[in-house]
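The next part holds the structures, each set out as structure tokens.
Each of the next two complexes has subunit A plus one more chain, namely subunit B in the first and subunit C in the second.
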Partner chain A sequence: MTGISVEVAERGSWTVLSVHGPINSYTYNELQEKTMRHAGRVDMAVDLSGVSSMTSAGIGVLLAAIEDAETAGKRFVVVAPSEVARLAIESTGFSDRFPTAPSLKELPA
Partner chain B sequence: MPSFSQPSARCFDVACDGAALERSRIHVSPGPDAFDTYDGFVRSLGFLANSEACALIVAGDEIIDNLLTHGEVSEAGVTVLVRKRASGLTLAFFVDSHREFSEFASCLERVEASLPRFDERERRWHGLGLSMCRNVAKTIRYRPGLYVDRVFLTF
Partner chain C sequence: MGLTLFTFLAAILTAVTVFGVKARGSSARAFRVAAFASVAYAILLSAGYLLAADYRGAALILVRCAGAGVVVSYLAFLRLAVGYPYAKRIVALDIALAAIAAAAAWAIVFTDAYIVDLKRFGLEYIRFEGDYHAAIAIAVASIGILSAVTMVVRAVSIRSRVYRQHLAVMAAGLAVSVAWGYAFAVLGPSTRLVAVYPLSAANCLFAALAASYAFSSTRVFQAHTAAKGLAAWAVVLLGFGLPLGFAVAVAFLFRAASPATSIAFAALAFIVFGRWAESFARGRIGAEHDQSSREDLEAAIAHLDLSAGRESVLSALSSIMEGAFGCSWFSALSEDDSGGLRRVYPDDDQLVSTPGSPTLEALAAVDRHVILKTDVVADESLADLKAALLAFFDVLGSEAIVLAKEGRRVVGVFAFGPKRSGADYDALDYAAFDAVHGKLFVVAYYARHVSRESLLDTVEKEIGLADQVVRSVQERIDPIDHPGVSVAFKCQSPRGLGGDLFDSVRISEHRWFFVVGDVSGKGLNASMSMVILKSMIRTLLREEKDFVKLVSRTNAFIKERLPRGTFFSGVFGFLALDKGSIYFINCGIPAMFFRSPSLDSVIETQGEGKMLGFVKNIEPYLKTRKLALPPGSRLLISTDGIVEAESVRGERYGKERLVRILGENKASSAAETVEAVVRSASAFAGGRLDDDITVVAIDYQGAPKENKR
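Right after this comes the complex of A and B.
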């Protein structure tokens, strides 16, 4: 089975989670664990450029992280989603809930 | 014929008559490898544009995710068919009949049942996957059967 990897790094004032692989009901736990650890505590960017597929299990994790960030007054950004990840986000019907940056270099200061 | 690393995957290409019909199918065994098998299959289909493959992956992964987590998929697994015609794409799933998936799939055609909602108490979303499928696909039809349930999505 192809799993996911979630690498955590600091970039300026942002904590960046770089996700690689497919996000589904079998794999989303690692993403959930790491987003819950950081969401609402720091400004968090989730790099989805390496995501090969994403079901609603992954979307739900991101939405929960966005809500935690908004509640705590922290920033949350999705970075460079792959084509499949972008379509998955758009298919929810409320992609405007997902602040997006085109690349890590273009994260707000 | 495309090759797959998963031994459980079998693919049958059907020769097309000019550009009139192109189709291919695969058998997906239940378990975590199902996503690799299905996604790899879709990406291997040379007759799909990249945007078409992405749509099939988003909607198809959601159907498979629900089949595996909410259904009772037997060892027989799921047969997936992709068909491309001038009129559009069809993605079909054939799975042994079972009640839990019937309950999920019967919601696919009901608009009011597929609006996503956030449950504050559980801190999780419900109906998100249904909404994603409906927004990616043009139509979704569920056809229960005595032995085989079928889900048809058109794009």
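Right after this comes the complex of A and C.
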């Protein structure tokens, strides 16, 4: 099974997690671990442009990160979701719960 | 010129370092006065030295001001020696020291008591000393020595090890500073050291840098570690610095013949020797070694067998940690159902922190997941939480803790007792704790969500026997046993335990409630959430007659009571078999297909839906739909595990294949159709489905005859 890679980098005031590969029940642990480390502590952007598939496991991780950010008054943004990631987000019926930026360059200041 | 430039650069570096110190209070103020006076001394003396060749008048003023600077610096260090680490103001002492500084500065700058005149011829530096030069020099050096001795005395008497080490480091810095200054600045001009006189300007920088370290560091270092580091750096300096110097000197010889080649050769030598030295230092000074040890520790934790039971897992973790850190004991606390922290290893079940206690609030508020007791004592950024955190350390008797937090919620705490060697946890330990935090989090999460050992024994046996417990809950439904309908379903999880859910509840003779869906998450956690949710829906069903409100209250329960990030995608429905209708609310079920015998076609019926758990109030988004069921019709409902199943080539199973299976199984029973769907998706995915799946088929045969009458 193809693995997932989650790279963490700083970009201005944002901590950016760049995800590559499929997010499913076998791979979501790494994403969960890294989002939990940062969610609610920093302004976090999750770059989903490299996501090849995303199941509900990935949505759950993002939702938890969003709720942590809201609780702590931090910002959370999904960046450039791939087509499959966008569809997974839309399937929740609450796309507006996932603030989205079209690219890393267009992250809010 | 080169030495003067070196001193300028050292002064700038020191100033930058001092600017980076964020400490507050009277001790920090004394430190800043001392440090900036030291920097001013270095710059003024160096500038005076440069100007002494051609601008003697200006040079004299600058050098006198530098002398005043060193007096101010040492007096400020004396104030620091008396007050550190406390922020308490000592007004009388401050006034006295300020008065002495002002008087000394006046005497040095505005009279001939210290220096009368200056002159420099190349490296020859002549200083015409005033009548009291020796007395002033000795007095200033004495203040420096007094400050250092005071620091040593205080270091011996202070209880905190981290402050003891700070005072010792500052005292050492001051001692070097005084010795350096006396050798180069006082004796230098009258000895052979005059050639390196500009170095005398750097003397106070040692004390300033040592104090900067004390104000920036909150962790102790082990003497042998520091000695090893210094020795390794000395080897690097000698082993690489000497050959480099030789190479540059050779290049210097050819500067007249070919300046460009000479410079290029020297630059190349710097790069080559620099890289060799860096590579050597990484291996020998410890970075790679430390990294390797941390990776071994991570691997050891990652290989813990979580199926062995909580007590066994934590016992094994205790052995690993005691071996890695040399701690005298290891303890684990876990969040209990009330939100408090309870000790689970050793399992005395003691409630250590009650929900809402200042300790828990402090742990929730702290913005780091590794806390050393020395951090709490010495780190000013923790000042607001200091009392509560120290109380927590005292209750546990520990010296270091690692927190496992979900956002602000503290899921677990790992506590480490004092080291067997008696040493404190240091910066290397901190880095190791930090490196393994992710793995410890998994263990904490496991400890939090796996019930107590006595219960776990039972549960684990059941889990070990192919998830019978969860399956029994999953299968505990009111079967839809009605002559007008045939219902079949299948829940399956790739890991034995999953979050998919099908439940049906008999409301009346011809009415049934059902829910099909997927609770997010995987494995044991998802199963637990599913079991809880199933139970809650049944409870709400007894209380709530309004269909929309039932779903809305389920949403609120998920949002408020289930673990953060949990959501539910599925469908809630009522079967009115006497009317031949289904009323349903789509909450994000991905596939709900209807096949009518009269149309002989398959229609996707679920419409738009909103998953539960995303917003607090979902009621405005909920829409009840009605679907008329003609006799012979079939409804097929599937969770995302089927639709999103992937082939080895990365293709999705999709809805089209589901429709095709439905079409191919027109004559099959509901159970056969469900089996056909699961078989097809499984074959598509190469025999391995990645996600939990639930498929439900409802065949409607028509209203019972007695009702038709």
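We take it that the second predicted complex is superposed on the first by the 109 of 109 C-alpha atoms of A that agree within 3 Å, B and C clash if a C-alpha of one lies under 4 Å from a C-alpha of the other, contacts with A are read in each partner's own complex, and residues count from 1 in each chain.
In this section, a residue touches a chain if its C-beta (ideal position, glycine included) is under 8 Å from a C-beta of that chain, and two chains touch if they have at least 3 such contacts.
Since the structure is predicted, the reported quantities are computational estimates derived from the model, not experimental observations.
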Taking subunit A as the common reference, can subunit B and subunit C both be placed on it without clashing, or not? Answer clash or fit. clash
Per the contact definition in the header, classify A:36: touching subunit B only (first), subunit C only (second), both, or neither. second
Please indicate which partner A:72 is in contact with in the superposed arrangement: first for subunit B, second for subunit C, both, or neither. second
May I ask you to decide whether A:24 touches subunit B, subunit C, both, or neither, giving the answer as first, second, both or neither? both
One more residue to check, A:49. First (subunit B), second (subunit C), both or neither? neither
Most subunit A residues touched (candidates subunit B, subunit C): C
In the overlay, answer first, second, both or neither for which of subunit B and subunit C A:63 touches. both
Which partner does A:83 reach: the first (subunit B), the second (subunit C), both, or neither? first
Given the touch rule stated above, what does A:95 touch, subunit B (first), subunit C (second), both, or neither? neither
Name the stretch of subunit C, from among 116-124, 278-286, 620-628 or 656-664, that runs into subunit B once the two structures are superposed. 656-664
Once the two structures are superposed, pull the subunit A residues common to the subunit B and subunit C interfaces. 1, 22, 24-26, 52-53, 55-57, 59-60, 63-64, 91-93
Write out the stretch or stretches of subunit C touching subunit A in their complex. 367, 369, 405-408, 437-438, 441-442, 494-495, 518, 520-523, 563-567, 569, 588, 590, 608-611, 613-615, 621, 640, 644, 646, 650, 652, 690-692
Please output the residues of subunit B touching subunit A within their complex, sorted ascending. 31-33, 35-36, 39, 50-51, 54-55, 57-59, 61-62, 65, 68-69, 116, 118, 123-125, 128-129, 131-133, 135-136
What does subunit A use to touch subunit B in their complex? 1-2, 22, 24-27, 52-57, 59-60, 63-64, 83-84, 87-88, 90-93
What part of subunit A is in contact with subunit C in the complex they form? 1, 22, 24-26, 28-29, 33-34, 36-37, 39-41, 52-53, 55-57, 59-65, 67-68, 71-72, 91-94, 97
